[in-house]
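Working notes for the structure below.
For reference, chains read A, B, C, D and E in written order, and residue numbers begin at 1 within each chain.
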Amino acid sequence: MAKVFQVKDFNLYYGDHRALIDINMDIDENAITALIGPSGCGKSTFIKTLNRMNDLIPSVRTTGSILYRNEEILDKNLDVTSLRRQVGMVFQKPNPFPMSIYDNIAYGPRTHGIKSKAKLDEIVEKSLIDAAIFDEVKDRLKTSALGLSGGQQQRLCIARALAVKPDVLLMDEPTSALDPISTSKIEDLVLELKQKYSIIIVTHNMQQAVRISDTTAFFLLGDLIEYGKTDQIFNTPKDKRTEDYISGRFG
Amino acid sequence: MLKKQGTGINVEQIAHMVFLFLGIINVGFVLVICIYLVIAGLPAIKEIGLVDFLFGTKWASTAANPQFGILPFILTSIYGTAGAIIIGLPLGFFTAVYLAKFAPRPVYKFVSPLIDLLAGIPSVVYGFIGMLVLVPGIQVIFNLPDGSSLLASILVLAIMILPSIIKVSITAIQAVPEEYELGSLALGATEIETYYKVMVPAAKSGIAAAVVLGVGRAIGEAMAVMMVAGNAPNMPSLFESVRFLTTAVASEMSYSSGLQRDALFSIALVLFVFIMLINATLNLVLKHRGKN
Amino acid sequence: AEMTVSTDGSTSMEKVIGSLGEAFSNKYDDVTFTYNPTGSGSGITAAQEGRCDIGLSSRALKADEAKTLDGTTLALDGIVVVVNPANKVNDLSIDQISKIFKGEVTSWKDVGGADTPIVLIGREAGSGTRDGFETITNTKDSCKYRQELTSTGDVMTVVSKNENAIGYISLASMNDKVKGVTVEGVAATEPTIADGTYKIQRPFVLVTKKGAQLSEGAQKFIDFAFSEEAKPILIKAGVVPVAKK
Amino acid sequence: MQNNLPLRRKAYCGTMNFMMLLCTGITVALTFFLIIYIAVESIPHFSVKILTTKPSYLDDSIGVLPDILNTIYIIITTLVFVLPLGIGAAIYLTEYAKSKKLVGMIEYAIESLAGIPSIIYGLTGMLIFCQFFSLKTSLLSGALTLVIMNLPTIIRTVQESLKTVPQGYREGAFGLGAGKWHMIRTVVLPCCIDGIVTGCILATGRMIGESAALLFTAGFAHALNGFFDALTHSGATLTVALYVYAKEQGEFEVAFVIAAILLVLSFITNMSASYVGRRFQKSKG
Amino acid sequence: MAKVFQVKDFNLYYGDHRALIDINMDIDENAITALIGPSGCGKSTFIKTLNRMNDLIPSVRTTGSILYRNEEILDKNLDVTSLRRQVGMVFQKPNPFPMSIYDNIAYGPRTHGIKSKAKLDEIVEKSLIDAAIFDEVKDRLKTSALGLSGGQQQRLCIARALAVKPDVLLMDEPTSALDPISTSKIEDLVLELKQKYSIIIVTHNMQQAVRISDTTAFFLLGDLIEYGKTDQIFNTPKDKRTEDYISGRFG
């Protein structure tokens, strides 16, 4: 299978603190890769590196290499705007902008220079449909996105990410702030999106990882302890620490 | 394909430069003010002599044989400020604890705009009312020949710093994590015990900041004090007419000339140094708080 | 184009210059007149530095100032020694005044009044009124003021509110909130000042830069100030007009 | 388990309670005294004439219209300069600055500016604007002095409101590939506009109350001028006029009228600031 | 077994919102009772009622009855100070006061009128020993408690609660902010304390409930769904919702 990301000997430091240690990991195209591990192990740090959102933190330094479709993304001269456009991101807490639903979705395309009303209308509709939220909001596209429920907001954020036509979707605990029903809607949606996008998802919920992911990576204190097919990780973990973790001995 | 960053200058970079400039300009302002004060203030100090200037006890700027000792002003400023804090701090502190922790919602809603109003009243209004009410009042109560005095200034200053002490203390107390409160209550302490034995000590650096802020405000106030202090360059004494560093500058500025004028700038420089020391203290206090 | 005249200086001259300026502006629509009452010292400096057209000083120019500046006396002003209206003292000699302000006489009883302490109200160092008063009463550098105030109005307010107070103000600002005492039997009035029998008096001076060309507006104002038309205004403002030398 | 605190604890609680009520009582009483005293003394002297005329020496009357206008002029002028400067600096500090040293330096500068007493602003304003830039004693000099004086307030309140914008909005925009300035313009600023307005209102309140800094920079003439004319001439704001009338001229009636106007203005600024502030809070949810 | 608490038809409202619905529940003496359930189900609300910490929230109203050792604690005239002295509480986030370790422990006894230095010394030492932290801090009793690690702080808070000689200990997710090692230390400690105290503990960690508790109560949206022996709840839950929850289907 083709790889979207190839991570080689990657290290990341917050100032003096080495938060990721010698990570080597190839990530499949059109698959769902789950990242698990106890709090503070570096899952968010890792996922944020993949679209250079870590640039926002001044103390971050990196070594090693990460190729996105065979292009080095750690390069200082890289245009992060175009990287982020292709590698979209959905966050733990739904973060719709305080504008109308329509404007939320149109924000990305507008930023990238699309002005035509007809074009925008089309993108908005398509993205909302893809994110399985169109029916719920189609009558109130002009009302504030903050009036939606948490689960709807999260799907709106996914729609917003889809609107710029990304290639990869990064999701950092996208359901941890949601109720069971919204959670299962998002899980279904993610399984759906896998057809067209490569998805990398961080989760604290082991059952969730089992339910939706193809591959799972287990992090501990900055180390990638084990990486493999989800079945294998959960049924026959090779490392004692993985076993302890998935059996709830800590975390 | 991922784009590489262009080499030309784009909107983003221009925006960055503009904002950088707007940030730096503040440093420029401070430098200009310092430089001007030093340039304007040093000549007189040089001519008079630093020791004579700072520790001279007689100010007679237009005498045939002029004397420029500002010790009376320095001491007055110190005493006046200390007095204002001694009166204003307990008053403000207890009010703040009450408002922050005990006041029922309606009382808080009623009183806190009053405090804001008090904070918003211009200093000349305080001076004006002080001049009409406090000064004659002090003259009658203490049976003095005249009520314009250090005491009148202290009272006006105490009232003026009251709202800022209250507001900063309230913020400090409210910023104390609720967990301390819960922890103490859960051990069977009453609310008053909790607030005074746990919350207030935890807020002490914030309250210290309030004090320093009050000191800064009191030491820098000119107009209100000018209206009630009497402005004679006496050594400070509670019932005597006195002159502060600020009023020393303000009262003679308009008619001044020559060395007298330069000396007034020197007073401003001394005042500025005082304020900078206070600010440094404030910074230390705040930094200390940041650490906890 | 519109002309402007800016004046800057003595606060004691406020009433005089304010009245003159107002009448002047009424007469010439195309001239804007401004008066900035900052004090004689700043007025003189401002004239020197060219920050105003005409400086206003309520004292004669000092020798070193006269080197670069021209001073023209506009009017004479009496300095009235004032006490609270409730005070029984009506007349003081220059000597008594001098002793009082030096702190050698401290009770009103000693000059024929009640047995109460005397509260001395003075002006701030640099004030033209103070300079004039202290020079004439020979009390320079030795006044024991209880309060040093920055304006004539302030002195009047304090004296009017305190029965023990004594102060000095410009005749121009005199009103019945305070009582002027006669000095050696002479009351401060226009004729007594003009003929010099009232001793405590000083000049109001218009200050201009030596050798510099006055602006057209400023010239117009000076002409107006010394015109016959201005005389009643000056008199109404409480000063004694002086003919231009 | 009925109430049975030991006496010692009861006494301690009682004393502290009493002190708090006493002090709050004093504070409240004081405020009411000020309000009522000013109201009682000023209301009889309010008239259309005093509010709509300028003082005249020839017919010995007093009006505060020029002072009101001067106050408005000086505030407008100050805001025109201080807003871009202050908002820009705040944006730099919260959104752009990376170097800790530079931020530390700028913040130290701002703190210093905030601590300088107004009389010193008055003096340096006089030296710099009136003399060095030869703007003379004029409303413009006064306004520029106020600009520097009020920068810290503006910067801080803008910084505060920028900080209330959830980091999630920024991440969301960046995650979609927006550039920084684009993100600030389209997401951050619209989000905290109310907070910025609150800051402006509070700063306006401070400007209205300022006197010492204006005495030597803007002067205290009571001339009636149009906006641009006024900027180049000396003029008293309400507070300066109050000082002059009360202290230098003993005109207490008009001083009380101005005091009442100032009190009302202070009330209005506080109210509108807290109104906008509340709206701001609400929009934050 | 004797009951420390007897809860009858208890309802709690936050304003109009009914956060606890008709709770009936008797709590055993010298046992560990675990409260589980998804976020927002009312676990904290319930536990805070037991020592009337909810009094701090003005909008709270209650109906029904809660007897603590046969005394009604919902009574308006109750002396909450003495109730809270007997029913101690440990919070989710360790919350030592910003004072020295010694003063933290001595705070409670001092508040209740103990002044003698010798007596206080003795109490402090005993409490620290009971909370299994004495050895770690005995050499620095006079240093600030804020300098301790999270796990130590939490044990300090337990020691602080023990110092006023309580009868019951309420613990609201006492380990959720801690690392695995600290967690297991606290778990051991709790098992130890059970000899002398009755313990009620809220936890999000199902394994933890299994490991330490005798009885488990499962809450959902304000309802007490199931309450019984821990073994039974986790092995043969009677309610479908309990089963879904413990199998990680939501929450």
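The rule is short, and it goes like this: a residue touches a chain if its C-beta (ideal position, glycine included) is under 8 Å from a C-beta of that chain, and two chains touch if they have at least 3 such contacts.
By chain, with names taken from UniProt: A, E = Phosphate ABC transporter, ATP-binding protein; B = Phosphate transport system permease protein; D = Phosphate transport system permease protein PstA.
In this text, all values refer to a predicted model and were calculated from it rather than measured experimentally.
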Statement: So the chain most remote from chain B by C-alpha centre is A
- request: Please state whether A-D or B-D has more C-beta contact pairs across its interface.
  value: B-D
Message: Need the most distant chain from chain E, centre defined as the mean of C-alpha atoms.
response: C
- prompt: Quick one: chain D and chain E, Cα centre-to-centre, how many Å?
  reply: 50
Field: Whole-Å separation of chain centres (CA-atom averages), chain C against chain D
entry: 37
Message: So the centre of each chain is just the mean of its C-alpha atoms; given that, what is the distance between chain A and chain B in Å?
response: 52
Contacts with 2+ other chains: residues of chain E: 81-83, 111
- prompt: What parts of chain D, by residue number, touch at least two of the other chains?
  reply: 5, 9, 179, 182, 216, 247
- request: Two or more other chains in contact with one residue: find those residues in chain B.
  value: 190, 193, 226, 253
Query: Mind pulling up the chain B residues that touch chain C in the complex?
result: 60-65, 136, 139, 145-146, 148, 226, 230-233, 241, 243, 251-257, 260-261
Message: For the complex, give me every residue of chain D touching chain E.
response: 1-6, 8-9
- prompt: Inside the complex, what are the residues of chain B that reach chain E?
  reply: 105, 177, 179-190, 193, 197-198, 201-202, 292
Task: Spell out the part of chain C that touches chain B in their complex, as residue ranges.
output: 11, 38-42, 44-45, 116-119, 124-128, 131, 140-141, 145-150, 158, 161-162, 164-165
Field: Of all residues in chain E, those that touch chain B in their complex
entry: 51, 53, 56, 58, 81-85, 88-89, 91, 93, 95-99, 107-108, 111-112, 146, 157, 160-161, 164
